[in-house]
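Next up: some structures, all given as structure tokens.
Paired with chain B in one complex and with chain C in the other, chain A is shared by the two complexes that follow.
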Partner chain A sequence: MAIDAEKIEQPKSPEKVRDVPADWKANIIAFACHYCAFAAADLAGVMRLSYPSNVKVVRLPCTGKLDQIYLLRAFERGVDGVFAAG
Partner chain B sequence: MTMITPKQENASRIGSVLVVGSGIGGMQAALDLANSGLMVHMVNDEPSIGGTMSRLDKTFPTGDCAMCMISPRMVESSRHPNIEMHTLAKVVGVSGHEGNFTATIEQKARYVDPERCTGCGACEPKCPSKVFNVFNQGLDKRKAIYALFPQAVPNTRAIDPAHCLYLTKNVCRKCEKACEANAINFEDQDKMIDIDVGSIILTPGLKTYQPEIRQEFGYGKLQNVVTALQFERLLSASGPCGGTVARPSDGAHPKKLAWIQCVGSRNAHNGNPWCSSVCCMYAAKQSIIANEHDNEVQSTIYYMELRAFGKDFDKYIEKAKNDAGVIYKRAMIAEIVEDPATRNLLVHSIGDDGRLVKEEFDMVILSIGFEPREDAAEFAKIFGIATDEYGFAQTSKLRPVETSRKGVYVAGTYQGPKDIPETVIQGSGAAAEAMALLGERRGTEVKEVVLPDERDIEDEEPRIGVIVCHCGTNIAGTVDVNKVAEMAAKEPGVTHSETIIYACAPDGQQKIRDLIKEKGLNRVVVASCTPRTHAPLFQDTIREVGLNKFLFELADIREQCSWCHMHENANATHKAIEIVNMNIAKTKRLVPVTCASVGVNHTALVVGGGIAGMTASLSLVDQGYGVHLVEKTNTLGGLLKNVRTNLEGDDVQAFLADVVQKVEKNPAIKVHLGSTVEKVDGYVGNFVTTLANKDTVGHGALLIASGGEEYSPVEYDYAKSDKIITQRELENLLADKGPENGKCYVMIQCVGSREDPNNYCSRICCQDALKNSIAIKEKAPDAQVVVIYRDMRAYGLKEDYYRRARDLGVLFFLYTPDAKPQVEVAEDTIKVTLEGKILGRELAINADYLVLSTGLRPQPDGDEFAKKFKLTCNIDGFLLEAHVKLRPVDFPSEGFFLAGLAHAPKNLEETISQSLAAAGRAGALLSHSSLTVSGVISKHNRDICMSCLACVKKCPFGAPFIDEDGRVSHNEVKCTGCGICAGVCPAKAYQVNYFRDDQILAMIDSVTEVHEY
Partner chain C sequence: MIIGEQKPFEEIWEMVKGHKQLTVFGCNTCVAVCHQGGNKEAEIMASLLRMRATQEGLEIDIKNGGIERQCEHPFFESAKALLDQSEAVLSLACGIGVQFVAEKYMNTPVYPALNTTFLGDVKQDGFFTEKCQACGDCVLGVTGGVCPVSRCCKRLFNGPCGGSSNGKCEISKDIDCAWQLVVDRLQALGKMDDYEKLVPIKDWSKDRAGGPRSFKLEDF
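What follows is the complex of A and B.
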């Protein structure tokens, strides 16, 4: 069955899309597994690799511990992105 | 942890062991011994431990990062209270005898005080002397003051006296000025020390072949010809080009790569006669990784024979061919010629049609082999051990880790070429031998630490102390540490905040201890480097003054802040404040965590009465533990009952009879014949197993050596003629009747192996074919022996027998799986026809005997068996170990160990090594009177649990279970603290200690707070 794209209404957000200010930087929380991703973040430092400073790492014993409430809380508190690595 | 009480006889034996070499094999031996209550002195001549494996980028056949695997082992070795490391040291003399040796160690001056050096590295940029970097295989330069590699352990620099300007020319001393920790000591002297030990384990490792001698390859002259170890460094993210492969001549990214195999191996003229065992696999690995880095890379591997004989190795070769598009060409290389304009390389070889082929590549990698170290002869003399004709330590194939000197054991590549898991296996195996020798002296040489009682802080308000570390200039050079400390002081719960030059130095530790007492602190945050390496140190420090270890958090503002945001001081300071504050928010909510301990039943249950199970059982009783040995048939011996000799000519039946007798006579081994395991309950240290006859057995460890079986072929008309036999049947025929002159014996390799549905190498069949071929030709030189093969996998020192067979006139003809030999059974002969690859036409042989080299199969009831023990099998039906490289005899479930054919096909020598290793690993566990369970575990709240079973289904370790009352309970002994249960529990009935939801949420809230700094 062919879908007529024009007939499908795009969902509308109650908020208007705003222009991004020139000096804006995304605020990002990274949830990292102690054994791999956290170790990788350390190695990046040891090798003096650089990345934006507005990424903060929260250490977890394993990404299995990453609860959806953490993600929701982070967004609720206004972060722009969450990076889960493990 | 306390050890089981040692008996006081044999008191003259010393309960400590000298481990010479600290690569992965040495570390494995040292850790196993140290964990069993023996004191270990580990000696190596480099400034860091780590050995060859630390130089590798990735490992086959899983592609795991080598450094990520070895680094935790290095840290564990350096922090173990029962291991004393002696780096930059070598043994110069050994006197005494088994149980009581004295080793004289020459300790070279380091010129850097390891007690003071914090590893910050501020000295290195100031050093003007640039030196060829041996670790990076000469691809770049290091300084005269240096760490061997960024993750070096011990994490202290050393000065290379041959290149230091002050030590050679009396000028400079710049490092001294740069070092704020005052760690430089130019007065340092070489020292000689004597150490008394009961046993010695030799793991000195290897040297790689120097390919300059093969002038046709142009190594040393042609810039874009590199060794495989150099290529390993080029691939490595911590290597000289940061993991983006750049070719030496112009730094361009090479797109067309060629590997040349067997450089310096399998060549008695200008190389070594043996096969180095690992090059086929590392070439496949490197080509796969190169392709992963850049999918335009096109790789060609020129090889003689593809020796992918290990577990899952053939599948890895398939992956190289199919996924990475690697082209395999069976050819020897005549010459490499450089195009002077492009510096590209023309590789000359002979194609299948016999004509010269020239192919152009951007870079050529020489797959160099292993050889004993240059000082191997002197080394053997110092330790008083015999070597073989090549300089490898001599051992019997039936006692693979014993040297010619009693009490001195060997592991790893010094015993013959081998890969990482085999080295690890021998490391544990050698440790098992030393544990058997010194078992009664466990706990006599190690120091016991007495700690004060823990302070009760339950009713106290949080009083957090925050220590912000300068780390010399490592942190303070980028981050405004005073501002960080100032901001921390404003956070709720913080009682005291200050900065310190080096928190981890001894004076820094003392400062922390003093502050806890003076200010009445009940929680501590240190803002410095990574918790992965340094948290245990600070946790011990606060524990020494009575604070629970879990009232501590480390805020990583070095690796994850100052080092990666250099030259962005304001942003880095802002981020450091956020990192410290979120850790303060967590720390405020920290509570003491007690680590439970459980008793240990000092008995092992061994499943399988073949040579693997029996070897392990004997080792375990020698170490001082009880054994229940369960065998499903009515006799001991397993598959070895069918084997007369091994390739090296040992009398296997006499050996087996001796082992069986020892097992049967040993009162500490209870043999359960005709019995199987019905179910296993309990947990590490305290299993209760029910046997088929309903007997129950209590044990602390479980060792699975359930073996495999020999394949009975359906191929090549096996059933149609009694002249078509297997290698095993030929072995019996030769032993009973002897070979006959004038007869023709034709062997076909890989019958039922290396093809779907059994697409793996059975490993032993090439050795069997060589063994029987040599036996025929030695006794009946006029008999004709023809071996029709795909790849003769005569790996390691077995290459000698391949050469001997050829010298004796055995003919080897190649076949490929798409053109298998055809067999026709006639009246009195068997006609075998095949495509003659060299002749280019069909070959026909009239055979008197057709011998099928049939392989090994897993136990037919493998899946059902595995389920009983909650274990998993690989796709071929062999049991899956905890980690292919570093935990080859462990299962993921604690207290379960593995040896023999149940793991993968292997020969007798390898089975014995692995059985000793499994016994050593199990023994180290059983040596404890109690086991401490990690504090970071999930806590289950039964009051709010609805027993929905989400956790029971998801836990990979089987910790949650349905209890007798029908509701879920949680076995904390099995828990590893991964927190999957907490994630899936809809009722939030699980909280992981030290990572509780309120603690993590507090971190999120803190870091999302809007601040003006």
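What follows is the complex of A and C.
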């Protein structure tokens, strides 16, 4: 239907494609549930397992607390990717 | 309640991109229930617009805010400071709210972020259906509580047309035949006698045909 076709927005970015520097690392924020994923990360720490320093973990009481605006605020502040674990 | 649907993002961006300051303003009643224009959606829209402005290299100061209803004066008190300082407002209210803001702030451009679509109910979470056209002369009392004005595609008042098939309308298999629903309901109520009553020609002057309507309580 014509009306539906009008609603479809073609994904387009006004940003120019640039070369990725060799030493670039994605800035990742991880939203982790207190009761499972965060506990697992904590256990990994106890076991002296390491994870990349470009991943920052934010503890949530539950991933159900995750809201669209948290993700958008993270992207606005320069995060490259979001990892939700719960 | 009033159902609205957000306009395509590109359309909104084209309207507002020329301003240096913009307030994205939510309305937290009807359009918040349909997840299109509440204060939460205003915050999300403001974020999307800020990111778009950054991508395009434009410096636009985009704030967000909102009130419970954009169609009543008292609710605006809490947002007075925000709106007074706004160069332009992107209202996420229905068409009523957008016009109300525009009337209140004569020198501030106000843009609609939503298309106001219909008066409807919340059939289930995230699913809304049209139930009323505010025709100004309700007939629900004789039609078993099913509105032939808003739910019959032809607005018929005295039984179905020939396009009614297996309880569905010929317009679409997803649309119930309103008159099938009327008959089902009258049968359930044991009031099939009402079906035989001829509804006289409707007075459409109480609908939009009489121009914009108003209602004033004399004791106020």
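Following the convention adopted for this analysis, the second predicted complex is superposed on the first by the 74 of 86 C-alpha atoms of A that agree within 3 Å, B and C clash if a C-alpha of one lies under 4 Å from a C-alpha of the other, contacts with A are read in each partner's own complex, and residues count from 1 in each chain.
The working rule: contacts are C-beta pairs under 8 Å (C-beta built on N, C-alpha and C of every residue); 3 or more make two chains touch, one makes a residue touch a chain.
Everything quoted here is computed from the prediction, not taken from an experiment.
By the touch criterion stated above, A:Tyr51 is placed in contact with chain B alone, chain C being left untouched. In the superposition on chain A, A:Pro61 contacts chain B only, with no contact to chain C. Of the two partner chains placed by the overlay, only chain B lies in contact with A:Ile29; chain C stays clear of it.
In the superposition on chain A, A:Asp42 makes contact with chain B only, not with chain C. In the overlay built on the shared chain, the residue A:Ile69 is in contact with chain B and with chain C. Greater residue coverage of chain A by touch, when chain B is weighed against chain C, goes to B.
For the contact definition in use here, the residues of chain A common to its chain B contact set and its chain C contact set are 67-69, 73.
For chain C in complex with chain A, the touching residues are 8-10, 40, 43-44, 47-48, 50-52, 54-56. Residues of chain A touching chain C in their complex: 6-7, 9, 13-15, 67-69, 72-73, 75-76. Chain contact summary for the complex, chain A toward chain B: residues 27, 29, 34, 36, 38-39, 41-51, 53-54, 56-62, 64-70, 73-74, 77-79.
By the touch criterion stated above, chain B contacts chain A in their complex at residues 68, 71, 150-151, 237-238, 242, 530-532, 556, 558-566, 568, 571-572, 574-575, 578-579, 582, 936, 977-980, 982-983, 992, 994-995, 997, 1000-1001, 1003-1005, 1007-1008.
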